[in-house]
C-alpha cells in the first residue's frame, strides 16, 4: 500500500516502451532534434497558443528557474507558506535567483488568501524592504486542494495591479486539470498565469518536467538561464520521448484520472470509517486524513506507507491531542485492490 | 555517418530494457531506494574504495558542482583553455560557485602544461588577485588525447603544493580508461584525483552522470549543494537503473571499446588517405583531422556529419590556409559500415 | 526636533578634527597602515581578548558579510521578524551569502523568544528544508529594547545545541552597553556572541562600521570575503581615524550616554503627558510612543520629525483605532532644548 | 618619496574642512539630503546632460555594480588583461554580477586593441559559450596611458555592433581629463561611454566614488542593486561633502594637474638619467620605468616607495634580464622637492 508519494511509482509501460523505441538512431543534441521540436508543437496544441517550452531536470529546477527568469535585485516571490518552493526546495529558488526572497503568504488549505497576498506585496515598497518580483501558486496545492479558475483570476488581478508575473507550480497539473474538467488554457493563461512548471514525473514519467512560458517573448533569455543552471540535457530527446508517449492518446489524462479516482475511492473508505476522518475534501490525488497516532502506527505495521504532516496554523485546530495529520497519495500505478485493502484496515 | 558527437547517439538496448524492467514497482524517492544504494555499492567496487556518489542531471552540473563543493571567496579554478568547463558550460561553473573564476591554462593538444599551471596558480597570491581553489583536467581531453597516469600525478603534485583539490571531468572517462587499459583507481585517486565527474551519457546512457568524491568526508555538505542546485531527481532510480545495466557484464567497457575501435578504424582510413590527415594521434573516440574546406563540404554533401573546430594557439600552426580542423566522434553505436563508407569517400 | 533617526545627525567635532589631523601625510592603503593597526589593537583592549576586526562601509554590509562568513548551502539565518537584517537590508544578506534564507522569529518587543527560536531552528532538519546556519540578534533592538546578558546567554545555548554561530547586530551597540552598564566582553563573547557588527555611524561617526570576530580563527577567509564584496576601502585609515577619535577619552560612551539620557528625558515628558504614551519602556535612545494620528500630525506641523512604525503582531494590540505607533530617536547631537520643546508640545 | 600609489595620500585640506563644516546639523539619510541632491546637480553640469549618480564605497564596487546593472545570464565582460576589474578586484565583479565572466583582451600599453576586442566578442555566440554583456575600459589606464577620444569612439563602435554597453573605469578619470584637456562629456558619452566609475579617492578625497549612468533610464533598477550590495551609506552626505569641496573652484582639476605635473617632472629626471629609463611615455600621474634590480633596491634603501610590476606580454620584451619594471605614482600631495630628491638619486 504505497501512499507515501506519487514519485515512489515508476513509469507507465508505454513511456518505457517509447524510450526503447527511440534507443537506436541518432539525433541532434541539446533539444534541437525533430522529436524535441515535435513535442514543443504538442505543447502549443495543448495550450491553444504558441508557448515556449523548456525541459529541465526537476520540478525544483522548473520552479526556481521560473523565478530566475523574472528576477529583480532585492526581489521577493510570494507563495503559500506550505508551497513546495518555500518548504521543500532546499534554498534552490533563493540560490538560483541570485538571492531573492520567498515571502510566505497564509491561507486555509494550502491556498493563498487574496487579502493576505495583497497586504504582503504592499509591504515591499521601498529600496530597504525590497521589491515584489513574482507570485507563485501550486495547482494541485500541497494540501491536495485546488484553485477554481476564477480564484486563479483573482490572484492574477493582484499580480496585474503590481505588475507581477504569475507562476503556477504544476507538479500535479494534470490531477488538477482532470479534477476541474477544464482545458489547460482555461486553467492557466486565460486566468492570467504567465509561467507554468509543467510536471510529468509525478504523473507517470521517469523524469519529465517542462517550464512553459505562455508568452514566448518572455523566454528570450531563458536558453542562457537554463544552460547557466546546468539544466540543458544533451540527449534531451529522452525527455521528449517520455512526453511524446505521455500525450499520445491522452495517456496523461488517463493516468491522472486513475490517480484521482483511486483517491476518491480511498476518501469513500475513510468517510465510512470511525477510526479515521478526512481533514478536508480531496480534489485530486492527495488525501489528508486525521487519525489516532496508534491507528497510524497499526496501519504502518500492516504495510501502509504514508507521511505525517506538520499541520500549519489553520489546520492545526483540526487535529486533536493524540492524533496525527497524515497525507496519502495515489498515482497512476495505484490499484483498487490496494485501496480496498486499506479500506479493510480502517474499518 | 554520424560523427558530430557521441551525444547524438541514443542509448544501448540493454539500458532501455533495464528502464522497462524497473518501470513497475514502487521505491522510495530522492536517491534512497535499494537500487540507488546498490549502484552506489558498485561504484565502491569499481573504484576499490569507499567513495561518495551523487547523480546529477548533466555533465555541466557535475563539473560545476564539483567546483561549488570546494568553492572559496575570490576563488579560481584552473583548467585547460579548451576545457568543457571553460568553453562550453555557459557560465554554469561561475554561477553555481557564486562567482568564482576559471583561469585558462595553455598546453598542447588539450592537455595542461604543468609549468604553465604552476605559474598561473602562483599569480593568485593575495586578496586583490583572488585565491586558487581547484584544478580541473579532462580525461579523455576535449582534443581526444589523454593524460597518462604519471602525467595526472604530475599535475596532482602542483595541487598538493598549493593545497588544491584535483577534479577530473570524465565525460569520456571510459574511453580513456579502456584506451589506457588501467583500472579506474589507477586513473584517479591513486594519481591524486579528488573529485570525478563520471559520465555515462556520452557512452551509451540516456542521462547518467555522477559526481564521485574519492574521499566521502569531502561530500558532507554535498547533499545540500545538490538540492540547492535543483539537481536531485525524485525518481532517482531511473538514473540508477541505467547505471545498473551500464556496469552489468562490463557493458560500459564494451561500449567504450567499440567506440574507440571505430575511431581507430577511421584513423587508419585517414592515414591511408591523401585528402585528409590526422591532426594528431587519437587516444579514444575523438578524431581530429585536417582537410581542405572543399573536402569537408563534399563529405557533408555525402552525408557525413562532423564539426569544424577553432584551433587554439598550438594547433593553429597545423592548419594551412584553405583547410579546416575537424572533429569526428564515434560512439558505442557507430558501425564498421559507417566508418568504411567514410573511408571510401576520403580515398 | 530631529527624532527621525540617529543617522540624520552629522559627526562629532572631535571626529571631524581627527580626520583633518590625518588629512596630510602618506600611509599604506587597504587597512595596513599604522593607524589601522593601532585601532585594531584598541578593539582588542575593549573586548579584553584578541579579536579580528574588519572595517566595512555600512551596517548592512557588516550584517550580511557576517552571515556570508558562516554561509552553508541551503543555509538559514534566524533573526527577529523586525530585525534590520530582515526588514531593511533590501535583500543584501540573501544576495551576499549566495542565496541563504532569513527566517523570522517572533517575540515581544523586538526580542527573539527562545522557544520560538528553538522551534524554528528544529524545522530545518533535512536537505529539502535546508539547514540552520546562524542566529542573529540586535542589541539595542529595533524596538529600543535590549537583551540582558543572561538573555543573550539563553539564546546562545540554543545556538550551541545546534552548532550555530551567534551574531549580534550592534548598530546601536554602545547605547545598549551604557544602558546595561556592563563591559563589551560581558555583552558579547562571555554570553556566547561569536560575531559582532560594531556600529559607530549611528553614534556620532560619519561612516565607521566594523565586523568583529571574537575568535580570530573564524576570520581566516574574511579578507577574501570582504574584498569580493567590494568593501575594502583603499584609504581605510579614514575609518580608522574616526574610530581613533571615537574611542579616545571614552567619547563613544559619552555620546551614547548623551543619546540615552535625552531619550530618558523625552520618556519622562511623555509619561507626564495625557496626549501621548510610551508603548513600552525605552532602554536606549529609541522611544516608541503611541499617540492619536491627529496629535502626530500636529507635532509634525510644529517641526518634530519622527516615523510611524508598522506595529508587528504582539505590539498591534497596544495601538487603538485612530492612533499611531511612532518611533523617536535621539543621538549624541540631541539637545535638552529640543527635548524640552517637544515636551512642551505634548503637554 | 611616496610613489607607491595615489591612494597612500590622505585628503586635501579643503575636503577635510568641508567635512568639518557639515559635521553639525541634521539631514535626511540614504542620499536624500539637500547636499546629496546639490552634488547630483553638479554632476549634471559637469557632464552637460542629466545623468544618474550613485555614491558607492569603493572603486571596485563602482566597477562591479556597473557590470551588475547590465548583467545577463552567461554574460561576459571584456576588459584589458591588465584592467583593475580583472586583476585587482578579488572576484568582486564575478560575485556581484551573480557569476558573469571577465574575458581579458590584449593590447599594448594597457589599452584594448580593437581587433582583439572584436574577435573576443565574436567568440561568445551561443548558449554554451555565453553571451557578451559589456566592455570596460580604464581611463587613465593601469599602465598610465590613455585613450584619445577617437580611440574610445572606435571601441564604442564595436559595442554598438554587438549591442553592448561601454563602461569606463575612471579611478584616475581626472588625471586623464586634464591630460587630454577635453571636457568630461567629450571623454565619455560623446564617444559612446554609457556608464562611468567616477573616482575621487585617488585624486584627493578620503572616499568618494560615484557610478554615473549617462542615460538615467539605465539606472531604474540601480537603487535596488546598490542597496542589495550593501553600498548605500546612511550618512551619504559625508560623501557628498567631499564631492562638494572637490568640485568647488575646480579643486579636482587642480589636484589632477598637480599630480600630472609632478609625474612629468619625474619623467624628465628619468629621461636625463643613465640608470633608469621610461618604459613608455606617461600620460597622467603614473610612470612606468625600467631599472636594474640593484638600482631599485638602492632607491628603496634611500627611502623611495614604489612597486615592481609584472610586465604583460607586449611589455615583457622591454625589460632585460636583471631589470625590473617599476611603477611610480604621483598625487595631489606630491611635492616638487620629493621629485627632485628622487631625481638626484637616479643621476
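Each chain gets a letter, A, B, C and D, in the order it is written, and its residues are counted from 1.
Heads up, the rule we're going with is that contacts are C-beta pairs under 8 Å (C-beta built on N, C-alpha and C of every residue); 3 or more make two chains touch, one makes a residue touch a chain.
None of these values were measured; they are calculated from a predicted model.
In this structure, the chain pairs C-D and A-C differ in their number of contacting C-beta pairs, and the larger number is found at C-D.
Ranked by distance of CA centroids from chain A, the top chain is D. Distance between chain B and chain C, defined via averaged C-alpha coordinates, is recorded as 51 Å.
Mean C-alpha position of chain C lies 34 Å from that of chain D. Work out the mean CA point of chain A and of chain C, and you get 42 Å between them. For chain D, residues that reach two or more other chains under the stated contact definition are 73-74, 89-91, 95-96, 98-99, 127-128, 130, 224, 227-228, 232. For chain D in complex with chain A, the touching residues are 30, 68, 72-74, 98-99, 127-128, 130-131, 221, 223-225, 227-228, 232.
The touching residues of chain C, when paired with chain D in their complex, are 2, 4-5, 7-13, 15-17, 19-20, 22-29, 56-61, 64-65, 89-92, 95-96, 201-202, 206-207, 224, 227-235, 237-238, 333.
Considering their complex, residues 73-76, 87-91, 94-102, 123, 127-130, 310 of chain C touch chain A.
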